[in-house]
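Two complexes follow with subunit A in common, the first pairing it with subunit B and the second with subunit C.
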Partner chain A sequence: MKIQEYTQSKYNFEECMKCTVCTAYCPVLQVNPLFPGPKQCGPDEERLRLKDPYFFNTALKYCMNCKRCEVACPSGVNVAALIQSARIHYDHTPPKVRDRILASTDFMGKMARPVAPVVNAVTGLGITKTVLDATLKIDHRRSFPRYSGSSFTAWLKRHRKEQAAFEEQAAYFHGCYVNYNHPQLGKDLVKVLNALGVGVQLLEKEKCCGIAMIVNGMSARAARNASVNIASIRKAVDKGLKVLSTSSTCVLTLRDEYPELLGIDNDSVREDILLATRFIFERMEAGATLHFRPDYHRRIAYHVPCHLEKLGWGVFSERLLRRIPGVEFTLLDSNCCGIAGTYGFKKENYEAAQNIGAPLFDQIRSVDPEVVACDCETCKWQIEMSTGYPVMNPISILAEALE
Partner chain B sequence: MRFDTVIIGGGLAGLTAGIALQREGKSTAIISTGQNALHFFSGSFESVVEKNERMIDFFAKAGIPLHYAPGVRLMPLGSFRPSALCLEDTDIFPTAKVGSKVLIVNFMGYHDFFSTFLAEGLEKEGMQCRIRLLDLPELEPLQRSPGGMRSVQMARILDPIWEKFVQEVRLLIKDEDIVVIPQVFGLKDPSTPGLIREDLPVRAIFAGTLPPSVPGIRTQQLLGRNYERLGGTYLKGDHALRALTKDNRIIGVSTKNLDRHYLKADTFILASGSYFSKGLRSNPFEITEPVFDLDVNYSPERSDWYNPKFAADQPYMHYGVKTDENLHAIKGGTVIQNLYAIGSVMGVSHPRFGFGAGLAIRSAFHVTDQIVQESKV
Partner chain C sequence: MIKNTHTMNPNEFDVIIIGGGITGAGTQRDCAMRGLKTLLIERSDIATGATGRNHGLLHSGARYAVNDSESAEECIRENRILRKIAAHCIDETGGLFITLPEDDPEYQNTFVESCLRAGIEAEVIDPELARRWEPTVNQNLTGAVKVPDASIDPFRLCAANMLDAKLRGGQVRLHTTVTGFIKEGDTVRGVHTRNAQTGQVNDFYARIIVNAGGVWAQEIAAMAGAQISLYPAKGSLLIFAHRVNKHVINRCRKPSNADILVPGDTVCIVGTTSSRIPLDACDEVAVTPEEVNLLITEGSKLAPVLSSTRILRAYAGVRPLISTDKDDSGRNITRGFVILDHESRDGIKGLVSICGGKLTTYRLMAEKTTDLLCRKLGNEKKCMTAVSPLPGSEEGSYEKVAQKIWETPSTAQKAAAFRMGTRAFRMRSSDRWNDALVCKCEEVSVGEINGAIERMDASTLTDLRRRTRLGMGPCQGEFCACRAAGLLAASHGCIDREREDLNQFLQERWKGNFPIGWGDTLREAEYTQWVYKFVLGL
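Presenting the complex of A and B:
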């Protein structure tokens, strides 16, 4: 019997029962009355858009693609994918200069690296922020990620020989953030995997995963990046390697956004693209051990980023952290921090982003941990800027606790 | 990943089972496919006349006060139905004649609350009704957007200004002895409706709105939080796919998000709900249970499934998975000793009387008691 096969709609939108549950969980809808909400922007308007693209609504740009609507939907409708794909197909206004800059994390990193101290000093200045706000509409209250003077890839290349000496190997999709802003996280991953007897290698070629381009109207460029990445990942997988990432958003993009939004087929490699904490958890479940410092002590509050919640893998990071002796663990309530990648940097979204994040920030202040743990770099910027609490990737906490 | 018990379904039945087991020191995981029937919750659990102290105590521990008073409650369209155990938002009266004059208050631009139906229903019971619309400037941003005036968005704005709301209602009351208010208060804090009630000079009744249900969402959040604070693993937005079985026992369950990573456990509880939550699947030829392919109790004649009268009791609503008397599930005629079925997937609920919630909780208790007992042997 093939009834469902012949009636399945794109992104399952015909399954929408109009129950409105998604509207209760959309963070944007609660703070921005200009956004019509996931139900209307997604399945409701899709019917109209299919009749006539005239019905495309520019308010779709307020969707921050957090995917909480998809997690809440009882009927399996890919609401956020419907909205983003409508933006890709119907919105032909060229992206603004600002959006191009924000989305080009790869290019900006390459440019900034050789002059990192200068860039960091300049972007920290009040006058720079005022100018960026006035000219580009990048909000002046935002603090900018700092750039590193040396890239992670250069560091790993220097250690290529010792990494190759490990009998078991894993490939690392480091992403722009580790490469240009925070190579220490990559080094921490190498330390933890080495302790498990696994050597780390780079992919043959790696480009920015492209999520910021997808949501900023540059999906053609994102698709070019995706083709390069998937080809490299395929080569690694053919060698029997798992491909790991320390960023929940990069993983979600490689696994789900490529086929769903960019039409890039990743079927044969999808299951081999993993968040590093999942890989480590599964190794330990299979019998591998990590030796932790007996004197280690940390009070940790763990925030599950929206995209990790969508992946459904927060449980792996959570369980790993709980396993470290000397860790006092609090699981924070499920809330969005509000930044959503480049979204919160834009002047028009700053207020909304901070209002969305308020419940999370309040809870962090009341828990008062030593450190907040989180698998997403943009959540890290947002939480550090908004609460003053330091934020660490679970991998860095593992590395710090190792003997 | 290993647990003592894996629960499929994160609604009222699944959460009750999860919390009950966590409180007994068991490790559990709940696989939840999106949100659940609590988002359509009326606030009434059941109309069973005997007082169930255990349920009241169980919810009190999760920060959810219930009240017990066998009688009738006001439905969103103005009729009355029996009820005995409710959230504090919902009022129960000894008879349908709840007063003599009623003021029904609604908000300008809010179409999910049926004031005129309510008035008709109350007038049938011999009460005089007056409907008044409040136009609060605080709600103006919501009125601008077509989907803005919804229960949850309104509650977010109204909760912090409930005192102002009470003042406005005070000005509207003339000689009425009852005021009916939409259930759009208390999204986070279950005490807000009670505070409003205390501050009004006449008796206030909170009447249901179109979904999402504000008291229902709050109950879901409080139960979910209680479950996670007890150390439970709530897998949101995931979907149980297949079961791994050996010698007529379930060993593990795979899910959509975890690929081939099986969730393993000693016992499994199926709390996946009815058709809406896809706990049961139907097509023109059969009704099936998709995860374990359990035996389902339904008529082979499709014409028996429906009563042509739309509002009549529909036979398909009573179809569900077969169990033995201890709620062990049955597959191919054989009882599976470590798989239980609870809540509406059992298909014995009666939506017209709102027994679903009480049944979910009672069946969850019945099963978790057995699991705890067995683990002590």
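Presenting the complex of A and C:
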């Protein structure tokens, strides 16, 4: 190697030209003056943290890890990863009980499922919200995701034989949301893939992808989950399967957050982890066809989740939706909805989250669609709660439009 | 006894010190502490010569232990003193002397023995431990010795000495050139001066004048008719954009080129080269491509990661080495310091020159010089500089300072406490404007910049840089320079002067970027040019 032929630095922080584009694109900075912004929290303060970890700034917790700074950066600096990595390495305050609860999406799902109707009724009550707000600082204005009485995995296991009958197979990383809250989305994916001649199977073992743990100070637990997931994914990939997900955040976590933030090597399987819409789009490009209902009609406004923008894959969902005859399609402006997973549930972030989402909500109201399409479950909660418009995953819209 | 200062003419002093480097500043403080009325005259700004153009290394003395035990003993004594009196200028990093496979393995024993003889705590440590302490160190090292080296900020140290002198009644005139001496027979009575910014001409008188001109001391002495022979040796260094090492890393071998890597504030610095240059070349020294190449190649042997770490700047300084007593052969060149009493040496009364020496031993140089001055002036006060902390250093750690001022300090507030020590107490303000950042790379606030303008004689952007680290980060003034220029313009009220200052500042930044103008640093410099030329129309 020639000396100084290239330079290297953690998350490319030395590539930063201080152009401040990231700061202009940061949704948090627009609404929360306590947040110093991605450039300052990332590449600027990294030099001070390298001098002495004492210079760690607690205001980094206001970063919601939407990664819009990374999309904006013309110099390839992984700004959000720098910030999250600093939080992981230098913030030693133990996570609050509230943060542990919010981050334990799989545990909560397991506990809630058998008594789902009760949980749903209770969490919907005003008194519950008041109590949660007062005790745990989970904002009382927030509506909670509803739990399902039966899990997606139980349903798919019942249909294992008929799925195995398909010559072609794909593995499905369903995620906590599909399993505990909304099994219908998983069923919709099975319907669409089956229509393409692909059977769906579960991974040998699946744990929560861990993103909520990473951002809530529980990265050690997230790393344990990551090891289990990558081991299972590797087995599936070795069998020649693609691993699909219907959640943009799960995909981003499995592909990018594992190696960047948790140090989990996923090199050999990374390219086989795909968002379902990308898999389906590529199938159709290669000649596969889906037969849509001739009488189908929907006015759809599509919101690209921030993490999907980071992946650069919003285009696959968009193209698929546009292919459905009878769809009146509007692509919404690039905006963050403000919830960022568990971020918006926290009392201290509620105002900020709603202010961040305001431009998106306004645009949805003015477009006035029948349904908003979006690949992210937490965006869905936020948009439904804040606008009253129903939100569907593009996969569910495809399934609904199929003959 | 000294005259009652109140009855003196405002242009009359006990002592005039020429030179605003660390030697001059240290001497002024010592004089002021002993009750002398002092004036310090500097033709440019504080620490513009060798003081500000070195590694920023607080020597433990280990580097000199084998060949120059006297310097080594001086260093370790002063090292211990400075840790107490200049805490806010020092980062107690510790130092390692590493042996690489190509180095003589026997040298380590000689080295450790010499260190211990000089009173330096040198401890041989397991190479494996050294690798763990310092993950970026050359992993092939075969031996390591731990010594009490540290990193020191020469600008901060110089400014703190000067500030203390001022608090004790001393006067400082920066950007003021001594154009000649006022002599009465064989006695030097005063100096003619000219202010470089305003053109104003003034005469100042003193009972004794100290020439602390560093590498320019020969020129100054010549104006009074005295002769000094200096042997200027140029040393070049590279600044890397962030700290790669925690400890000072030295090679355990005979001192040579580019064998010290010092972590200094947010950067790390590798150096130096050494080559003799003619005296008339000292004003404009440039770093050559060969030197850059040598520094990267040799530096990468200390920490291999340097071969692919972004470089921020290259700079060079000139060591004011001195040949003792009219000996032109150069055989007697020492790294120690020499106080020349021109009365006994050349028959010129009222003039003392202080030459040579090192940053680490500045206080001792000042003490010895002031002792001589006091003998001549009949002052019997004892030197107190070894026990009296500099303004800012009264509390040991910056963590403590920050905690005392702010409940939950932000990074910028922590950085201010690191730079200013207890003087950061002035930063406590209810006006949020004062918390706004001017320099985002180094996190310097409006309050800190205004403080440097009001209380530390900063009148240009470069002055501000030396006192606050403004523009020393990766962006090299790209955004902070114009912000700070606004604050300066508000203080002196002249837009045109500030526009010219901004221009000069950016030129000076480019001068340091030029020798290493590639990769990210070139991109950034280019971007800076766009901003100033095409956006701001400068």
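FYI, the second predicted complex is superposed on the first by the 397 of 403 C-alpha atoms of A that agree within 3 Å, B and C clash if a C-alpha of one lies under 4 Å from a C-alpha of the other, contacts with A are read in each partner's own complex, and residues count from 1 in each chain.
Everything that follows uses one rule, which is that contacts are C-beta pairs under 8 Å (C-beta built on N, C-alpha and C of every residue); 3 or more make two chains touch, one makes a residue touch a chain.
For clarity, every value in this text was computed on a predicted model and none was experimentally measured.
Contacts of A:40 after superposition: both subunit B and subunit C are touched.
After overlaying the two complexes on the shared chain, residue contacts for A:285 are found with subunit B alone; subunit C is out of touch.
By the touch criterion defined above, A:8 reaches subunit C but does not reach subunit B.
Of the two partner chains, subunit B and subunit C are each touched by A:19. When both complexes are overlaid on chain A, the residue A:55 reaches subunit C alone and has no touch with subunit B. The intersection of subunit A residues touching subunit B with those touching subunit C, taken from the two complexes, comprises 1, 3, 17, 19-20, 36, 39-40.
Within the complex formed with subunit A, the subunit B residues making contact are 1, 29, 33-36, 39-40, 141-142, 144-148, 150, 152-153, 156, 210-212, 217, 225, 228, 233, 235-239, 255-261, 276-278, 283-285. Of all the residues in subunit C, the ones that touch subunit A in their complex are 241-243, 263, 265-267, 296-297, 300, 305, 307-311, 399, 408, 410-411, 414-415, 437, 440-441, 443, 473-475, 478-479, 518-520, 523-524, 527.
Taken together, the subunit A residues at the contact with subunit C in this complex read 1, 3-9, 13-20, 36, 39-40, 43-48, 50-51, 54-59. Contacts from subunit A toward subunit B in the complex involve residues 1, 3, 17, 19-21, 23-25, 29-30, 33-37, 39-40, 70-76, 271, 278, 281-282, 285, 309-313, 315, 318-319, 331, 333-334.
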